[in-house]
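Every chain is named by a letter (A, B, C and D) in the order it is written, and numbering of its residues begins at 1.
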């Protein structure tokens, strides 16, 4: 399955890109996707394993199972307000 | 001694005046002054014996001793804000 | 710039008050506005007439702000109470507290409005559509306007 | 009247937001404003650049306000977060809660700003006078701007 992975703020700066499509086996979790992104992107290892994430615009846990077409966002520590 | 007594809001409406000078014996208290005002003014008995008062712009207790030239204010329940 | 008067007969200008409370480093600002409203069992109120023991309002505001600056030394405050006839929906009081962080801003603003409600020598009279009037005092504790 | 956008690149207009949160019977209004400031150990910051995961900001704001309306059914809210480069001293966020009574206004406003700080997908980067930049994230817990 394919998951659209979006990077923001410092993560986007580290990786030099804001979006990447990743291919994952069925029933892969958020944690699996984060590992993939950390391994495949230059500077990816600087993204913490336990980063905040959102799936389809919802804050989500690392063990959430992904589905084809999901939008996964890797979120640096939030600093709104 | 002479004390300047000021009435506000509903009290002024009850008494039909905003200010009256009262003559009191030395060492009279706020309570004495309030009794005098209640007795001397038409409608004065409608002012509660234990009304809020201020002496020289300070919220004050009923047993406070007055001095010549003091400004005593009789204050209906406050409703600012 | 002169600070805005604490007692006014004009409309309250929140933007002007905000300017008076601004300062470098103040990241959080809490504002309280009290608005003239009709309460449930009031009938056809069309305005509220506020009156004040003005000299004492000035000194009591000063005392309250001195206490507040004591508790929150880095804070800046701006306060204004409007008196006279205020139509429904308009602001009768504005309290602004600007501090370094938001928790203190909320606490400082809340402190000032609570003290104002308890201590400021201001009274209000409801003006009804038929021209009749009613002092709104005994009910303060249970049906306060704000 | 259209409600003001929740995410904007323009200056925040508090008066416009107040209009959006006003309503009959709402006697108490609590406003929180977050202002871009230089914190003690920042050096010569001249602005903060805010960026956002915009689609998620919209949906998260909606969730937060739905929760708040659930807790304070009579309240009206207006919220706006500014993004882009914001100079020192200007407002980055405004939260308004208008309710019948002041206690609820403070509580509702506080609830929304706390949830916003915890959940809104917004980031900020300090821009220094020499042109260098620094993400302000790790320090958030101890040296938050507001």
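By our rule, a residue touches a chain if its C-beta (ideal position, glycine included) is under 8 Å from a C-beta of that chain, and two chains touch if they have at least 3 such contacts.
Keep in mind it's a predicted model, so treat the numbers as computed, not measured.
Asks: By the touch criterion stated at the start, how many steps lie between chain A and chain C on the shortest route?
Replies: The least step count works out to 2.
Asks: Would you pick out the chains that touch chain B and also touch chain C?
Replies: none
Asks: Taking each chain's centre as the mean of its Cα atoms, which chain lies farthest from chain C?
Replies: A
Asks: With chain centres taken as the means of their Cα atoms, state the distance from chain A to chain D in Å.
Replies: Centre separation, chain A to chain D: 26 Å.
Asks: Would you kindly tell me how far, in whole Å, the mean C-alpha position of chain D lies from that of chain B?
Replies: 49
Asks: For chain A versus chain B, what separation do you get between their C-alpha means, in angstrom?
Replies: Chain A and chain B have C-alpha centres separated by 73 Å.
Asks: Taking each residue of chain C in turn, which ones touch at least two of the other chains?
Replies: 34, 113, 144-146 - these are the residues of chain C that touch more than one other chain.
Asks: Scan chain A for residues touching two or more other chains and write them down.
Replies: Residues of chain A never touch two or more of the other chains.
Asks: Give the list of chain A residues in touch with chain D in this complex.
Replies: Contact set of chain A toward chain D: 6, 8-10, 13, 54, 57-59, 73, 75-81.
Asks: In the complex of these two chains, what residues of chain C are touching chain D?
Replies: Checking each residue of chain C against chain D gives 14-15, 18, 22, 24-39, 88-89, 98, 100-102, 105-106, 109-110, 113, 144-146.
Asks: Across the complex, what residues on chain D touch chain A?
Replies: 34, 50-53, 55-57, 59-60, 81, 92-93, 113, 116-125, 135-138, 140, 144-146
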